[in-house]
């Protein structure tokens, strides 16, 4: 498990178009069921998606932001993932991108109960963010997975990623008069650290 | 009885006068209702006073009827006022202008 | 002549009756109205009719005044304070009141009831109940019909028919 | 009794007012309770509960209930036939009450 | 921010009849949050939960501390359930660092986790009682909870913030004689919570008050992504301890409690049933636990993770608790994200409260098994 | 179950509990008994020894002034500062020892875990409150004192309930 | 002692039962039932009641008029007469509402309230006790407050109801005050004993007695629409739903006259010198102001309201001369019956016009005669009858009224002036009635005929037959009136 | 320097005490003594031993303690004593205070707690006094836009109304403050005041939560008044009187609860609702509307409202006792004493022991009082018990309960009473 893990690490920084597909090269060792899930997506979307890793119970798909909506719809309708466990945003200042990771799970399909499908997408990052009014935008998945509603609000306020089509893009946790940078960006420094 | 009938009747007349004044001057529906209540009370007072001095039980009976009827009347009247308030957002009779006159 | 209790009661009653009509705030007006009603109940007690007095308090103060108070509270706050009204009309009203009071008062003082007192015992309240059920029993039935009709009508009036379309602008 | 109680209890308030601290320093302290927020809107608004009907009903049925006492306290002295009007009275009131309870029970119309 | 408001959640246009109430943050019935409630008479027409009053930026803080020193502050969001909230983090770090945990440590973790679940649930139940105006139901769980707190104190040395789980096992071995004391107190505890039935769960007034209020249908529960007792009360049999067993849960004998109704009553009953199940698990684990052995793998002083990301989840008192850790070969994690059950269940609140009576607000709100501090993180 | 029986059952349960034993701990008079002397850590095996995580106790003769406890605390509470001490130990040439601010300490015990020389233990003394902030800062000399705590109360479970005694 | 089969009790039993049960039926039907169901029940109840009254008349169970009893109610011919008039009005209202209430909510409550109000109106005429009269009076009034405001969406209905309520409450308060004084003076509330009490009144109490008469006149005058107390009337008649206006104009108003005849004319006959003049002056003022104001109106309902005020004046003539001429009070009662039918028919016609064409403005009535022929015919005939055009029944009653006035001239020097004023006013009223007819028949281009509501047609036909037939052959009804009218002797003087 | 209060100085403490003492003495001398004289002058003192008791004589007990007993006896027959002390305010307030203490202790026992423990050494018996002093010394905060006159007056009037209610309760034969002929109606009249006070105080605070609470309180009290009134009709039918003393006296053989259990149950439930006690404490439902109509009250205003509430509780419990449990009727607790013991006390050797109360009251009265208090405490216990056992119910459930079930049951009770009467079981000429 550990050796497999090391090789299947696909750090997001290295993910350039010319990069290899590590999941495809090591498919012999991969868990079959999870591989099947990844394959279904690849078969449907082909080059638009990249399978980042396939581990026991975890499959990660990287999609660019134009296709994330369609992929998510496919995942819900065809693969029976019905809710989002978590939505997390990760800031990559060196790539000038912000990654948004959806962890999707399923309640209805008993065979998928252990599975978490990780759907990652990236939005461009602005140096001087004006949350909501700059280029850091992504399509919202709320119409597909209803449960992302509050998570996307949180990502919006914590990282400044505006979700197009989200009906309620308001602050959630931060105070109403918060005027600083979105706090989970790497350039928002904690005082004294 | 240490009091005389005339005292009660005079108080009752004073209340009647106040009620008439209120009805003729005020244009707020609830205040007009107050005035009506005051007149009814004046009448009740009269009634019970006469009944006491006759003495006869009819006065008290009529007072009871009149109080009960006033309750029914107020229930209806306040419903009307609430309907009016819902419609006009106002309870001032002088501001109701849908009927001329 | 009247005694102190009577005088106090009449001052309370008449004063609060005037206050009920003249106080700027409708809430205070309602409270003053309660004062009037309570004062009348006090008169009833003076007149040895405790049943009517208690009925008056229980029904008038206990329920009618509550209903009035509640309705006043339903009305918007700025409307609780009345508009300044026509001065001429007010004076005319006061004039009418004075004429009425003086006229009626003189009529009454002129008449023969000026010095009626009684030493007979008061009517027992049980006689009222007996009256209700023997002599006045059709009136009692009609009373029930009145109450039935009024509660039916009041509920039908006060309920909302169609929530969406209710707020109709003038 | 009422008067005595008022006379006895009003000093408590006055004494309390006299000996208690009074600091006007913080205006927030005198704001109405709004769970730590600055109050929004009016405290006394046009606020109608869905149960207004019960108050209307109370006004009418309170009268009924106390009318019954005029009968109940004299029933021992009256002939049995005197109960008949009360039965009619109650019958009518029951019918009215049935209708009123039906109307007031429908919460969505109030 | 934006003016566009969603159809389902938007606060309606305020008209004459509607009063806006701030329930919270300083309100006996809100916890550390604010619920903006708009009421029409006695009925709630719209509700907007406003958490964030105890937001402490745990996720941001975690980016500045190494894998070990993250432990004490990551357990702060739910101090009553501090073992459970550390659990996925610890599991994730173990996977990142590639550590295999000793068998005895796994059992100790399970016991501590179940004890913590009961402690949390008792606290939750106490507040549920006081929200319903049942002061006895506040006092009894708050008192009986002491039994388990004492156990946890014996085990870890602290009453609430145990900081007991570390990557590679637990901090210390069980004290001597712990098994006997634990068994005795857990048995008594189980007897106590069974007595709650007469006064609380079978109380006709309580049933009348909470039954058929705030009904969350099975479809909605799945669609809204609710979790934990909320999900199980709506008829979805999904318990991570069964579905994705971590540590030694697959070797233990227990069952999950699923109710069909999806109303407040069912949501309040599932945690109670779960507590009895927890007692069973604890007894079972005490039986099967290796009597001796190592409980902690010795770590390097400042361990560094690989270039990887893991997502681990456990079943906490409030449902699935996921931890997403991104590591970038530094001693500090690059990003830690806690996906907590409270936050996921909060989304159901506006749906459940819409059209409810104001009197149902506390019961429905608290039956969501919501812990404001955890949701804020 | 009918409503009436339910109500009677609830009332009965309530009345029954009036007579049940209560295990309220009358705190200043009674104190709960804990395991051992306090939390300790054995660096050789890497496993702690169970005990209450109360106030620390510093063994001056073991402390080397290595600052590991202070570093461990850095990410947690920043409660430990290294201060000069007058008396010099053989192994502690720098003469610095931890001074703990209990206004900040969260009693996680990571400093104890970090100490490789058995110098820092935790004791079962938890009554640390003071009227001033300064009173909460424990110098190395104060930390060296072993507290005397009487803790004798234990939960007893009987048929009529649980009591402390 | 009241017999259980006496007319008022039977009417209470029938109408009260139906009136109370109707809302219950509506609960049982979840308030989804149609209007017609309840209307038919109410109609049947009213028909049964009127049948019972007629049966009592036919079988001569009815006591002679104005016989006062020891009880609160008396089953006499006077009451029976009014009962028939009121029940006819109630039937008109019910039938007229059949169409009007089609789309409205709560038909059951509507009809139930009509029935309750009818009980009140009938019982006012039957009661021989002031308390009973007051209670019946309130039973008559309170449902009509609700009914006037029944169209909750309609602001004018609500405004009408509110004004009506306030003045109605005032009138009842004043009546209670009057009752209290007369009770205090005579020591009883039974009218029979009141009469005795007044006839043996100490002269020093006379001012108070007059005060009570004045209060009674004011109190009843509010309902009757006499002139100083008429200000609410046009507004209410215009704003209230038209069938309810029928009930108000033709029903409660006449109940006011019944009460006035019972209390003022009969009860206080001992004081007649003092109130006849007052009534005479009020009569002239009422008819004059009513008719003059009616000319200026643009709205049909409002015009009819003022005309109704005018007619109250005519009726009051008979009351004013009642102690001196038996023809006066007979004329009054005759006119009351006639006016109930005429005005009822006119308002029902207006209601039909409102529901079908949604107009009440006079200018928009052009060509109505061709659009709604039967309704217009009925309206025209009733208007002509109201004006007192000879072959119709209105003529005879007015003739009796004016005749009574002339008849009383031997005792009252000013009585002929009443007759003169009445004739002049009738001529005046013919002017505006004629104007309406001209609008309806001689103006406007030909338009298509619209379908008229069947219920309105039924009322129209019935009332046309009534008016024309009794106009041509008035004998039976005059006999009936003579039988029903109380005899107050010319000889009774204080 | 003390550890407990660092700023504390003993000299200042003594100085402040002396200051207070001085002012107290001065004010008492200037105002208090004349006030006492005036009160004594207006209170009509009866004749003792053939001489009229004057204010001067009334004050002689200061000089001659042996005169105390006759003066006390004389004073006890005055109206002021009745109002202020025995059947009236003092007695009721004492019982109310006891109720508060019992409630706290009992609830604590039920909830496996200890309750008040330290204040007063013995099971926290002085806790109440401490709380009272605390409330007295707390700052009274009035919201900025409150309607001040109503807001100030409401607590006082609340206590006054509760006291007026207490005045109607007969404690022992002849011991009642206001012996009204229509006492039961007077009770209804007094009860009718509470909703008004509540809604007015709620309205005057100009805050949302009190307003909602006040409206709820209004609905609740109003809805339960009708079942309350109707449930007592059965008793009135069977006794034919409205006088509370007569009703109590009529139960010398058996209490009415034997024959009218339905009415008693209905009345008990309505008591709970009228008192706003759990499970019907909706007006103060803290988890929904903070503290309901009491939200804005602070300091002694809150204390007064609490006092009024518990006075009301006592009054309702006593009413229940009077109407359904036979009032003061009960078997003699101890055998009748010989006359000399009553007047002179027990001579035990050299010491003479007076039995407290005996010289002042007759033995029947004492017996009645004891029974009355026992019964009242029992009823109070059952009023307090639901607080520990039931959760709060919802306002719509409450209204349905009141309007559907309780009114129905009250009518059933009336018909039971009628049936008993007409079947000849009870009433004049009945079997019992």
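Note that the chains are named A, B, C, D, E, F, G and H in the order they appear, and that numbering of residues resets to 1 at the start of each chain.
As a convention for this text, contacts are C-beta pairs under 8 Å (C-beta built on N, C-alpha and C of every residue); 3 or more make two chains touch, one makes a residue touch a chain.
Quick caveat, the model's predicted, so the values are computed rather than measured.
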item	value
Given chain B and chain C, the chains that contact each of them	D, G
Smallest count of steps, each to a touching chain, taking chain C to chain D	1
Most distant chain from chain A, judged by the mean position of its C-alpha atoms	G
Dominant interface by contact count, named by its two chains	B-C
Nearest-to-centre chain - CA centroid comparison	D
Chain centre separation in whole Å, for chain B relative to chain A (CA means)	75
Centre-to-centre distance between chain E and chain B (centres being mean Cα positions), rounded to whole Å	63
Inter-centroid spacing, chain G versus chain D (mean Cα positions, whole Å)	40
Distance from chain H to chain G - Cα centre to Cα centre, in angstrom	58
In chain D, residues with contacts to at least two other chains	34-35, 41-42, 44-51, 55-63, 66-67, 70, 73-74, 77, 83, 92, 95-97, 99, 104, 107, 110
Set of chain F residues in contact with two or more other chains	7, 10, 13-14, 17, 22-24
Multi-partner residues of chain B (at least 2 other chains)	9, 16, 19, 33, 35, 44, 49, 51, 53-54, 56, 58, 61, 64-65, 67-69, 71-76, 78-81, 83, 87-89
Interface residues, chain D side, partner chain B - complex	56, 59-60, 62-63, 67, 70
Residue ranges of chain D touching chain E (in the complex, touch as defined)	34-37, 40-41, 45-51, 107, 110
Chain G to chain D touching residues, read off their complex	16, 20-21, 23-24, 26-27, 109
Touching residues on chain B, where the partner in the complex is chain D	64, 67-68, 71-72, 74-75, 78-79
Chain E-facing residues of chain A, complex	2, 5-6, 9, 11, 57-58, 60, 82-86, 88, 90-91, 101, 103, 107-108, 113-114, 116, 118, 131-132, 145-151, 154, 158, 167-175, 183-184, 188, 190, 193
